[in-house]
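Structure provided below as structure tokens; questions to follow.
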Amino acid sequence: MTKLGIALMGTGRMAHVYGPKINAHPGLTLEVVFNPRIASAQKVSQEYGGRPMDDLDRVLADPAVDAVVIATPTNTHVEYIIAAAKAGKPIYCEKPLDQTLERVDQCLTMLDAHPVPFMLGFNRRFDPDNSALQQAVAAGEIGRLNMLMSTSREPSPPPMEYVRASGGYFVDATIHDIDLMCWIAGERPIEVFSHGSCVFNPEIGAEGDFDLTMTQMKMPSGAIIHINNSRQCAYGFDQRVEAFGTDGLLQTVNHRDDPLMRWSATHTEARTPLKHFFLERYDASFYHALDEFHGAVTQGRAPSASQSDGRAALAIALACAGSAKTGKAVAPDY
Amino acid sequence: MTKLGIALMGTGRMAHVYGPKINAHPGLTLEVVFNPRIASAQKVSQEYGGRPMDDLDRVLADPAVDAVVIATPTNTHVEYIIAAAKAGKPIYCEKPLDQTLERVDQCLTMLDAHPVPFMLGFNRRFDPDNSALQQAVAAGEIGRLNMLMSTSREPSPPPMEYVRASGGYFVDATIHDIDLMCWIAGERPIEVFSHGSCVFNPEIGAEGDFDLTMTQMKMPSGAIIHINNSRQCAYGFDQRVEAFGTDGLLQTVNHRDDPLMRWSATHTEARTPLKHFFLERYDASFYHALDEFHGAVTQGRAPSASQSDGRAALAIALACAGSAKTGKAVAPDY
Amino acid sequence: MTKLGIALMGTGRMAHVYGPKINAHPGLTLEVVFNPRIASAQKVSQEYGGRPMDDLDRVLADPAVDAVVIATPTNTHVEYIIAAAKAGKPIYCEKPLDQTLERVDQCLTMLDAHPVPFMLGFNRRFDPDNSALQQAVAAGEIGRLNMLMSTSREPSPPPMEYVRASGGYFVDATIHDIDLMCWIAGERPIEVFSHGSCVFNPEIGAEGDFDLTMTQMKMPSGAIIHINNSRQCAYGFDQRVEAFGTDGLLQTVNHRDDPLMRWSATHTEARTPLKHFFLERYDASFYHALDEFHGAVTQGRAPSASQSDGRAALAIALACAGSAKTGKAVAPDY
Amino acid sequence: MTKLGIALMGTGRMAHVYGPKINAHPGLTLEVVFNPRIASAQKVSQEYGGRPMDDLDRVLADPAVDAVVIATPTNTHVEYIIAAAKAGKPIYCEKPLDQTLERVDQCLTMLDAHPVPFMLGFNRRFDPDNSALQQAVAAGEIGRLNMLMSTSREPSPPPMEYVRASGGYFVDATIHDIDLMCWIAGERPIEVFSHGSCVFNPEIGAEGDFDLTMTQMKMPSGAIIHINNSRQCAYGFDQRVEAFGTDGLLQTVNHRDDPLMRWSATHTEARTPLKHFFLERYDASFYHALDEFHGAVTQGRAPSASQSDGRAALAIALACAGSAKTGKAVAPDY
């Protein structure tokens, strides 16, 4: 297996997700951990290996670095993408590209000028359940796809600090469902309509954001998409996809922390609540995403989840946000 | 139990549903079967009892007739309601009141002028599963209600003749889900947004109608409603309701024609497709609806599913139809 | 449909089960309710119809009585069977025939001498779930049958008075599973082995009886049967059958009092406990059993569940009881 | 974490299971791969690391070897156990100890004389599902345990060569269920009763062995155990445990190769067959078993699954085999 030396850009939460996955992959070697603050780089480097570095130019000039995995704060993605593209390094970038279409378009222009293999980390595509559903749909198992629905409810609202920097619930979270639905459907919506409410945390509403949303999208083929999201969910992290086609229905089911089915004087056939959150639920997806990146780079093929997928998902998410504010259906700005 | 003598108005498909249920109910007696064509009345009368009659005035003047059950074609509902109201007879009327708000409003004006106990046959409220869900929501079992979704997919499209007279898919079918959602939520939408496609039978599209629709509704409380409907469904009559609240989730599950769970070389834990359609699936609901009517009339209380519920459901269904045509969110004309 | 006039023998709990079912069946008419104490007969008669009578000879001589349904205490079954057989009346008798093989054999001898249509009320064969499973097995859906298992657990132990008169747990309850298993398998065991414990109510153990038993039976074909019974079950009346064949597995699932699936902070996909007991769970089976009887009598064919099935089930149940006492495998005394 | 250098004894199928798990465990280092034929040792060594060795004495004298993992053919287990015990090395031995109680007793005598930490590889105890069930039972979640049942059906019969060397179906396979049931119950049976048939492969019957068995065991507490085994199963590797207690029921459910639930014109809520076999199904259990061994050795505590557990399970399995041959209940020779 061709080995790729990786520079891991960033040392935050997502760096702690990618570090171990890079180490677990037989075709990837963690060569560098980068952070402008060298102390942070050293800390992560001690945990997962790789040389700590704080100078971006030297990282990108390092002959051991074959590719970069960008796991920095969202507002720095474009900067690192452009630098890596100029240096000719293949790029895996945690989603989203950016929170504004303007910056994304600048980024896409630069990537056109400096073409390198590029993959956006829409990890849910690489979740084995979602991936099996996409394959079954693509294989025609349910005939023509007519409806596609995604339920995605989080256990509890994030801290307000996170909410404020998130770009809004649609751009922060619904974007995952949007990309997944478009990828499974194999097409992008003509128009979207969204409703948003604030029912769990009034502070979120005070920021002009929502913690409960529902979205409906019409596809060119006539297929209709439904997405529902909630920032809070009493029974845990609820993740279900349902694809309804002319010949049948496919459903993914929630994963279980606890293997037992329980019967008692108060309930029967019961399972415990879903205690995990996305890092546990989608743990495997990060590995499979890196594997897709490795395969694409080493075999010279286009990776699943390109920069244009990222732009489209953002355009759709912004259209949802616009719809929820204005009460009108919105055509995404592709 | 106080006995009510019933005049069954109409001899079509729904009369064959109500005939046996009237006979099964200990508080109801089938006194008269009415149809302007006496031969039709005689035929149904032979099957379920009651005297065949073809003269509306004599029916309504008959001292044995305590109440009427209207199961005639939709476009005659208002006429019979007005006649029965003038005669002071309590009325149970199969849904919908009518397909136009104008006629419904005339009807409501007459009912105001001639007040009698009136109940509209929104039978799905009386399905034991839906009714258990409504009670659990009302009892606060899941806290504040945040989302409510209804999946309602029919096995196969009706004949074109039926489609043409139906008032459109929203007014014909979605109206059931609309009434059910409003009843469970305990409130009516501020605005609705619907998408419609024609993917199963192009003839339906040629009539300007849809055979695949999805609807989203915003409630005054902030709760958001989702309804999806399909005129065709490979695996049968799919009927599921899901209520998501602050403290949990409630789901109704599909009924089974076949009790067995099957494991073999091709599948495991499999059930057979849902062979039944609405008459079988909601069989019990018609009995419970008549029981509600009997109780309301004999105990002098307002029945569930009033004429104003009927008007609201129609207004919402028409708003859905308007939204699907115009691509805009529509506020129902309450 | 050929009408059969029925004399209902007995006025206890089972008479209250059969009374309404006789009335519900279009081919049966309740002509007579018999009890040697006329007051009891009058009471039941007032509830379900039929003439109250206290003179057995006059009942059996009554020209309106075409057949008898025996629902008297077990220790009087044989007496009434013999009388009805002598009078040439077709007989439906609630199970068991009797608690001793000696009395059963006397009864069978009399039935041989006075042949009349005879059916034993092994109602669980007529439960739609069990019946669907038997038909699927008979139709070869799972190939050769290799294992058959029955789980039958009751909500709570019966009163001691009932236990003392029951003939023991195997003869009282396991006999149902035994008949069902033999009927589905289409063969009777060569030998049985049973374990019994008393874990719920020490008074039951003090009577030499069990409240927890497990039974294993070897069939001539090589198929192996498992039955487990419990007099107490925290989550309700647990009734499951599993048939394992060369080509697959069939399972019946528990019925639900409550239609909802519940998700909350304490459990997910939960159903409520099974509140019903056998009268509710097997309600439909009594109707179907009477229908089988009606069909057999009016069409002149042998009913399912004959007197020899009754004798065999008793012989097997007694073998189980013997095995549990002696710790040895026992060949039933067929 | 204290590191243990491991000598992996054996290079067959189970060595390929333990090799990767030793490498995956942060507290274990694969130091030596032993096989009397050095070429075999070299091959496995190239795959998983460790030095290839063919001289037992040198392996056991090697200072880098802190413990041995025995994964050799069953009939050599005792020899290597004794050698390792004499050398004072902690031992993890794949089950069973041996196929005869005589040899096992010799082994236990030697282990008494040369006490070293010893653990038998009853891996199913360490499967997370079984382990969760055992913990829930031990924690009193279902009150007193009354029944315990294990369903264990293999996809297809092994080659006859394997069958002939297996010691018979009870000793080869049922022994897993036996150990698991005794471990969960926390006690060992007073007596066992087994039925065996040969229904899948007549060659197995010709060897005097069975391919379909059922076993019932009575525990000192009054609890009753059921085990059913089949060498063939059309829908795959069926592994289910059910624990019935005074306060409720716990069930483990089958694992899924395929995450989707499928609805179509031929079936609803269907899952695909279980394509995996024990290496995939119980993959995690081998890691957890080695972790238990590591913890026991490094913390100086007795491991779960001792040599006396191994002896008891064999005595019970032999009692089952004896029972199936003689048709009598058998008290195990503890």
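Chains: A, B, C and D, in written order; residue numbering restarts at 1 for each.
The rule we apply is simple: a residue touches a chain if its C-beta (ideal position, glycine included) is under 8 Å from a C-beta of that chain, and two chains touch if they have at least 3 such contacts.
What you see is a predicted model; the values in this text were computed from it and never measured.
Q: Most remote chain relative to subunit A, going by C-alpha centroids?
A: Computed centres place C farthest from subunit A.
Q: Roughly how many whole angstrom separate the Cα centroids of subunit A and subunit D?
A: Taking the mean C-alpha position of each chain, the two centres sit 41 Å apart.
Q: At what distance in angstrom does the C-alpha mean of subunit D lie from that of subunit B?
A: Here the centre of subunit D sits 59 Å away from the centre of subunit B.
Q: What whole-number Å value describes the gap between the mean CA coordinates of subunit C and subunit D?
A: Computed from C-alpha means, the inter-chain centre distance equals 42 Å.
Q: Residues of subunit C that touch two or more other chains: which are they?
A: Residues 142, 234-235, 238, 247-249, 262-265 of subunit C each touch two or more of the other chains.
Q: Thinking of each chain as a vertex joined to the chains it touches, would you call that graph a line, ring, star, complete, or other?
A: Drawn as a graph, the chains make a fully connected set, so complete.
Q: Spell out the residues on subunit D that touch subunit B in their complex, using ranges where they run on.
A: 234-236, 238, 254, 262-274
Q: For subunit C, which residues count as touching subunit B in their complex?
A: Its residues touching subunit B are 128-129, 132-133, 136, 141-142, 247-253, 258-265.
Q: Any idea which subunit A residues touch subunit B in the complex?
A: Touching subunit B: residues 142-144, 146-147, 149, 153, 191, 193, 195, 197-200, 212-214, 216, 218, 222-224, 226, 228, 230, 232-235, 238, 244-249, 327-329 of subunit A.
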